[in-house]
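What follows is a pair of complexes built around chain A, which joins chain B in one and chain C in the other.
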Partner chain A sequence: MRILKMKPDFLKEFLMGLEGFGALYGPKRQSGILKYAPIESYDELVLDGENTLLPLKRLFHPMRFDMFRFDSRGFEADYSIFEKRVIIGVHPCEIHGILKLDEVFLVHPPDPYYAGLRKNSAIIGFSCLPAENALCRSTGTDIVAEGFDLFFVDLTDFYLVWVGSSFGYDMILEKEDFFDENVTHEDIQIYIEWREKRNRMFKKSFNFRDMPDIIELSYKSEIWDYFGKKCLSCGQCTMVCPTCNCYNVTDVLDLATETSGRRERMWDSCMFADYSLVAGGHNFRHARADRLKLWYTHKLKAFAHKYGSPACVGCGRCVETCPVDINVLTVSEALTSCEVPEE
Partner chain B sequence: MSLSEQIENPFLPEPARIVRQYDLIKDHRFFQIRFIDMNRAMSFDYVPGQFAMLSIPGVGEAPFSISSTPSRPGILEMGIRRTGNLTRALFKKKDNDIVYLRGPYGNGFKIEPMVERDIIIVAGGLGVIPLRSILYFVLDNRDQFDELYFLYGARNPNEFLFKNEFFQIKAREDIDCLYSVDKDTTGDWTENTGVVTSLFQKLPKIDPQTTTAVVCGPPIMYKFVIKELLKLKIPKNMIQMTLERRMKCGVGKCGHCALDHIYTCIDGPIFTYWDTLHFRELI
Partner chain C sequence: MPEYKPRVGIYGFTGCAGDQLLIIHTEDRLLDFFNAVEMRSFVMASSNPLETEIDIAFVEGSISTEEERQHIKEIRDRAGVLVAIGNCAVSGGPQAMFAKDGSFARRLKQVYGDIKFITNPVEGAPLDEVVSVDYYLPGCPISQSQAMALIARLIHGADPEEFPHPVCHECKLNENLCLLLDQKFCLGPLTLGGCHSACPNNGLPCVGCWGPNPDGNFEEQLGLLESFGIPHEDIIRRVRNFGGYKILAHIEKLSGKR
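Presenting the complex of A and B:
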């Protein structure tokens, strides 16, 4: 992979100059909440490593959108969500999250909505320093080798810029003068020191490699009942998780008609009571403990079984978000130690 | 917009006509449906045990098992119980009304392990609807298979589905049909009375080395039927069953039918008894 150097002074002009490649998106604070949103000026961009409340998936697997319009003549696909975009400031864990969603949405038959959003979006990654609850070193997602067009590593005096695609290289060519191909021994040393410093900053860690076996062995564990009793079924863990892909589909009629309307897709959560409810009233996962077990089994065991690595990317959002302290860390620790957390 | 040119959309429902419909029993109706596009009607190829997603615009979409056999192409048959919003709306449809279909989905029954072997089909209640597909598939290709036993139990004679058809088949000599009702509420029931498992006593001697079983019924039934099949020493991986789950997409994207690392919609809905021992939540 091509790696170039860039002086921080050029960053603003370079990023804002990418508008020709698509509408600029990035982490931006709105009403106090950091979210991926369209960027109008460089000052709005928050590139300091803070996590957005909702992960990058919301730009590829939108919270709600219209799949089809229908009327008496039938269904017509609605692709109005497609837009050429350049998404700036994406952390490694987020890129890993999207690569994991690719495994689900792009496998045959590809989901045309996800695939269309993916195809029309460029990803400009940015390095970050570990947040309070970051677990990405434990999940092996603290660095990233693919899934971006450009990736900027902030080494204070300069950026190292990884070129991940030919599209990314086209962006470089726009402002060729900003970049320096001459990466010196000294630069490499600075990068290694940065990596070591970053590695030392993680406050939390866990050995997730053992979790598939432990979850399999803990199928009948009363630990699930303990968490099931605490869980509020609010579904926030699934909303903030970069790799949760479940959705529901409903038809909405236009006002004052019986024939025309839209078929909507929106996020669903396996924590919700009606998630596995079928017509006739049978609920395959009536108990909260069963629904929690499904989530953690899927995240830490089943996904790994199918795709080679667990679905958790260690972003720490569930640790921050769950109101009753149920998250990848507390559940994994409880299952591993066979002890429930102290109140 | 050029961004969306030539996109294959697996979620796009295609229009189909209800060519005929009639009540099987109370709240259970039989639908014959044909794609409006004549080429599509003939090219819609499937395997017994697969399902399709049926839509009514403005009401929604849900999975239904296909009850017809691919050996009789052109028209899809479904037996449907009125039980939710979509089926309530479907029951208001008349002959020649349009519904929307996409599919077929799921793995379907494995036919290969049945070829040149004996087959026991065990159906309980509504479970006979998907099994009707494999039943007719075997009958339509009768020379490919050896002995055929069809065991079907309903709650009472008024809930016995496809009564005319199934009693007509009973007269054939190349199939052994054993029917039962839990309770004879009519007084004119001529067949066995008792739960479906009581029919196993009436089977002739079975050679487990050459026998395959297919099962579908309410969740409670599996435990008892499988016990009987295991008593006959039929191998666990030679017992196929079809299972139900909530589904929104049919193609492994929406997550609802997930369990462990499998999706019921693509890895199922047909599983063997051996599978259910590994995936503990299947039945």
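Presenting the complex of A and C:
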């Protein structure tokens, strides 16, 4: 992987010049809320450590869209959501989140909507300093080795720019003069000091590594009932989680004919009462405690069984979002302190 | 042989007529709707109803007089499928905010005094207090997309799909910051969604106008709102504003515990 240097003065011109590679997207404040949205001017871009309300998945796993129209002859997929995009300002945890979604959506057979959006999008990552609830040091997702086209590390006096793909290299070639290949020992030292400084800034952590075992041991724990009693079943935790990917599909029939209509796809949540409802009115997880247990077991244990590592990327959004404080921190703390014998 | 078209009647009882109006306002799809069915009765659209046997009755409004009680029973008798549309028909609406608290006779006298009624008023109630209801389409008013999706399913002989999710579902998809985090008096988690979170989109807390979400965690939400310093009585009053008969089970369960 090539690593280049760039002076901060060039950043604006370089990023805005990427328009030739696709429509620019990035974190942008709208009515006080930070969202991934189309960027019209450089000043709109928010490149600090703040989390967007909804994670990057919203650009790859659309919240609500029509998959296709159907009639008596068959169906025709609607790929009108595809668009060449360059997404700027993506933090390491977000990149890890998308890599997890890749595991789910790109395995055979791939989801054509996710795959198409992914193929048409370039990711320009940006380093960040830990926000109040950042847990990415605990989850090991504070650095990235893949999943980006370019990655900018902000070292104040200069950027170190990791080139992660040939497409990223094409972008560099557009403005070759902005970049310096000569990374000195001194630069490396500055980078290492930045890493150390950043590592000291994390205010919160949790026992991520031990959670798979602890969750397995806690299957019958009354801790789940405690959280189940509190949970409002609002589903916000799943919406803001970068790796939650469940959706529901609904066939919306046309009024005019009984054989035609459209299939709509919309984010769903395992926190909702009808999520585990099956034919005959049976519901496997009617109790809130069972819904929560499913989520945390899947997130912190079961995902790892299937894909190699747990699905939490430590963004801290569940900590910021849940109105009744049910999140990876409180759940892992409760399970660790109450279910495992005290020392 | 000409294609069979389901016979449909759309009726309004006590309410603002907003749900019927919304159906008429669905202009781009109204012709498709009217072509796909045999519209027997829809007084808001045509003053020449044909009151015969029908396959589907869509009924708006709560039952608030003795005459309405008889009328809804009569519709039920000749309708194959009966759908309650809008919060008044589903839960009772704002006119049922004091439902079953024993104050009806006093309130009636206070408002109307000693007058002779054309038909005897009864305490406003949802349709299912009087007749059996096959499907519920909540809303205040109902949403065009949900209404048309339900109507299309029913006229083509398919089961409608429910949307038993709280307002919070669409609220989060609309990228709103949770108002409960700001300690606002928001009823989103207790309220059925489908409104596209119209109020929170504009920074206003949900007042519960689509009626209770049966899955709502009533007890915990009450405790949370009380922890914001909102008096218990104010919360009960607010949930009853639109909760009608359907919120009573939640309240009874709670008072059993306290």
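Basically, the second predicted complex is superposed on the first by the 329 of 343 C-alpha atoms of A that agree within 3 Å, B and C clash if a C-alpha of one lies under 4 Å from a C-alpha of the other, contacts with A are read in each partner's own complex, and residues count from 1 in each chain.
By our rule, a contact is a pair of C-beta atoms (placed from the backbone, for glycine too) under 8 Å apart; a residue touches a chain by one contact, two chains touch by 3 or more.
Only a predicted model underlies this, so the values are computations on that prediction, with no experimental measurement involved.
By the touch criterion defined above, A:G49 lies against neither chain B nor chain C after alignment on the C-alpha atoms of chain A. Once the two complexes are overlaid on the shared chain, A:L253 sits against chain B and chain C alike. In the superposition on chain A, A:R288 contacts chain C only, with no contact to chain B.
When the two complexes are overlaid on their common chain A, residue A:K229 makes contact with chain C while staying clear of chain B.
In the superposed model, A:G261 makes contact with both chain B and chain C. In the superposition on chain A, A:G22 contacts neither chain B nor chain C.
When both complexes are overlaid on chain A, the residue A:R64 reaches chain C alone and has no touch with chain B.
Between chain B and chain C, the partner in contact with more residues of chain A is B.
After overlaying the two complexes on the shared chain, residue contacts for A:G116 are found with chain B alone; chain C is out of touch.
Once the two complexes are laid over each other on the shared chain, residue contacts for A:G140 go to neither chain B nor chain C.
Touching of chain A by both chain B and chain C, each in its own complex, is seen for residues 250, 253, 258, 261. Of all residues in chain A, those touching chain B in their complex are 67-68, 70-71, 74-75, 77, 79-80, 82-84, 104-105, 107, 109-112, 116, 120, 219, 245-251, 253, 258-259, 261, 263, 268, 270, 275-280, 282, 284, 290, 294, 297-298, 301-303, 305-306.
Residues of chain A touching chain C in their complex: 30, 32-33, 35, 53-54, 63-64, 229-236, 239-240, 250, 252-256, 258, 261, 266-267, 269, 272-274, 288, 321, 323-324.
Every residue of chain C that touches chain A in the complex is listed here, in rising order: 29, 32-33, 35-36, 145, 148-149, 151-153, 155-158, 161-162, 164-166, 168-169, 172-173, 175-178, 180-181, 188-189, 214-217, 220-221, 224. Considering their complex, residues 1, 3-4, 7-13, 15, 55, 57-62, 81, 83-84, 86-87, 100, 219, 244-246, 248-249, 251-256, 258-261, 280-281 of chain B touch chain A.
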